[in-house]
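Input: structures, listed below.
Two complexes follow with chain A in common, the first pairing it with chain B and the second with chain C.
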Partner chain A sequence: MITVYFNSQPLSVPADTNLRDILALVATTQQSHEAFANVAAVVNECIVPKSQWPHYQCQASDNIELFAAVAGG
Partner chain B sequence: MTTSLSETRFVHYYRQILLPEVGESGQQTLLQSHVLIVGVGGLGTHVAQQLAAAGVGHLYLMDNDKVERSNLPRQVLFAAPDIGQNKVDIAKRQIHQHNPDVHVVAWPWHFDLDSVAIFIQQQPLLSAALHQQKLTVLDCSDNLTTRHSVNLWCVEHKLVLVSAAVSAFCGQLLLVDLQNAQHAGCYRCLFNEHAITQDCQSMGVLGPTVAVVASMQAALTLKHILRVGAADDHLHVYDGYTLSWRKLKRQRDRHCPVCCTPSNSPISHQREASL
Partner chain C sequence: MLKIADHTFNSRLFCGTGKFANSQTMLDALHASGSELVTLAMKRIDRHSHTDNLMLPLQKTGIKLLPNTSGARTAKEALFAAELGREMFATNWVKLEIHPDPKYLLPDPIETLIAAEALVKKGFVVLPYVHADPVLCRRLEALGCAAVMPLASPIGSNQGLVTKAFLQIIIEQSTVPVVIDAGIGCPSDATAAMELGADAVLVNTAIASSRSPQQMAQCFKQAVETGRMAYEAGLGQVYQYAQHTSPLTGFLRENQEHQGGLNAL
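What follows is the complex of A and B.
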């Protein structure tokens, strides 16, 4: 198991967890899966494009955050 | 190539010209530049005012809204007597009053791919700037559908897009420049078209939050026009609670249906179907 941080909260996950797994995991507890399907995911200050989520292998201490689009003007 | 500035203009823009990054030639560049502003609301009014004051020579304003009383706390170009009139007409009048150097074209239409095509057709100067890729586009709109269509249009015409958004205490800003910062991708690389969003009508917003984000958008636009520094490849995120900005590194999505189509992609390898 490794510890990653999701919105600053520690999260213990298996070592082979990818970014999509993490988002699926937190989606069940915090928000609907729908909402997470439509946000920008940021790992350690870098945006990971959605198509790369299944390919991004989480590392210990990764700091993962989600940003929803803001549309107002 | 460029003639020197008149004495009046030299004095007018003196404090900008003093900057080595601007100088007399930079000021000429600004006076000859073309900027299309999509949405003349909170962000759009501030940005238009700042760019006009800086001497950006050609401003094209697109918005079909009329001034409403609830706009007045943050849409600085409008006042109570303007309520009910076209925002773009009032904005044009105010800008012209402030800086007659600036050529302003007001187009009281909502942005979509058809309306912008008509606008271009009717404006020879705008059309020329577009075809020479000398037009910078600013997205100051208030909904995601427009944002995606502005992005699509800019990518198709290889135009630089400076996109800003604000809602409640949150602001976002990015520059899309596929010639100079291709690795950062476009707006669609970042957010897909069904993103859950909040707009200022449902969320509320403070005037100064809008002004902060708009000033950054204007600064990024001037930096781009003057070629100060490298092309920006971040998503800038403003937090109005902590009064702080964060820079998140952007990355092009190689499955992006907008900027990674065969006509836009520099990479000729076989791509998998987009998600």
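What follows is the complex of A and C.
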């Protein structure tokens, strides 16, 4: 197991976890996979394109953030 | 038809999506507005909090979505936000807004100029939110911004066209579309902005915070159309003194001298 950080909160995951696995893990019941269709993932302050999520192998101490669209003017 | 970059719009009313009581109210209002471009912000998702997915219902409407960089306090942060928006919305359009001051939310012109230059170089279609500064708008236009979005008054203030005299100069000088953004408080403000010759207006608070957003959105739709029609029809000149609309000579007697008062009776 390794520890990564999701929005600065520690999260223990298997060592071979990729970014897509992480995002599935942190999805709440309300946030279905469909809801992740329009989010952007940022790892260590770098945007990881959606096409790369399955290929991004998480490293210990990675800081993972997820951004979504919200209402705004 | 309004054209910004490679996109044409039938509607000259752009809308924001903030402050609506719920998603359905927002969708109903957007539908009533006839708007073809709406803005959205971006936010970090917290793990256990439920975040409404705004994108899915909005995407179904076919309305073009414009991510903004709200929350950015510097050019560097705005660049990051723009990249996020490109990834999230699959668009290279961005409403560039950098307002570090939380009290008046006035845009930082220096950071905005720096960010605009970098974003244009990266291939973004940049629509910068700026103060009604004609010099800054010309600089942004020269950098390659697709439009300029000068403010009418502070965001969400409903104060109307406080900057009118400067908006006029911007409209006169600009060769890119001018979208009057922020502070438009009522439909007549939108009409006035369009009568000035603005290419479009962006309205959010005035619609979202009204008692009936759907009805207010329809009012704004009509107001913008009326203002544009009036502009195209050509408004009359403003004079300091009265200009008669009926003949003033030859009434009763030719060359009669004015005699007023009781003696004239």
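In this text, the second predicted complex is superposed on the first by the 65 of 73 C-alpha atoms of A that agree within 3 Å, B and C clash if a C-alpha of one lies under 4 Å from a C-alpha of the other, contacts with A are read in each partner's own complex, and residues count from 1 in each chain.
The rule is short, and it goes like this: a contact is a pair of C-beta atoms (placed from the backbone, for glycine too) under 8 Å apart; a residue touches a chain by one contact, two chains touch by 3 or more.
Just so it is clear, the structure is predicted and the values come from calculations on it, not from any experiment.
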item	value
Partner chain(s) touched by A:26 [first = chain B, second = chain C, both, neither]	second
First (chain B), second (chain C), both or neither touched by A:3	neither
First, second, both or neither for A:52, with chain B first and chain C second	first
Contacts of A:67 with chain B and chain C, given as first, second, both or neither	both
Chain B and chain C footprints on chain A, overlapping residues	34-35, 37-40, 42, 45, 47, 49-50, 67-73
Interface residues, chain A side, partner chain C - complex	6-7, 9, 26, 28, 30-31, 34-35, 37-40, 42, 45, 47, 49-50, 65-73
Touching residues (chain side chain B, partner chain A) in the complex	39, 41-44, 139-144, 147, 164-167, 170-172, 185, 189-192, 194-201, 203, 205, 235, 237, 246-256, 274-275
List of chain A residues in touch with chain B within their complex	34-35, 37-40, 42, 45-52, 67-73
Contact footprint of chain A on chain C as seen in their complex	16-20, 26, 39-56, 59, 65, 67-68, 70, 80, 83-84, 87-89, 155-156, 182, 202, 204-205
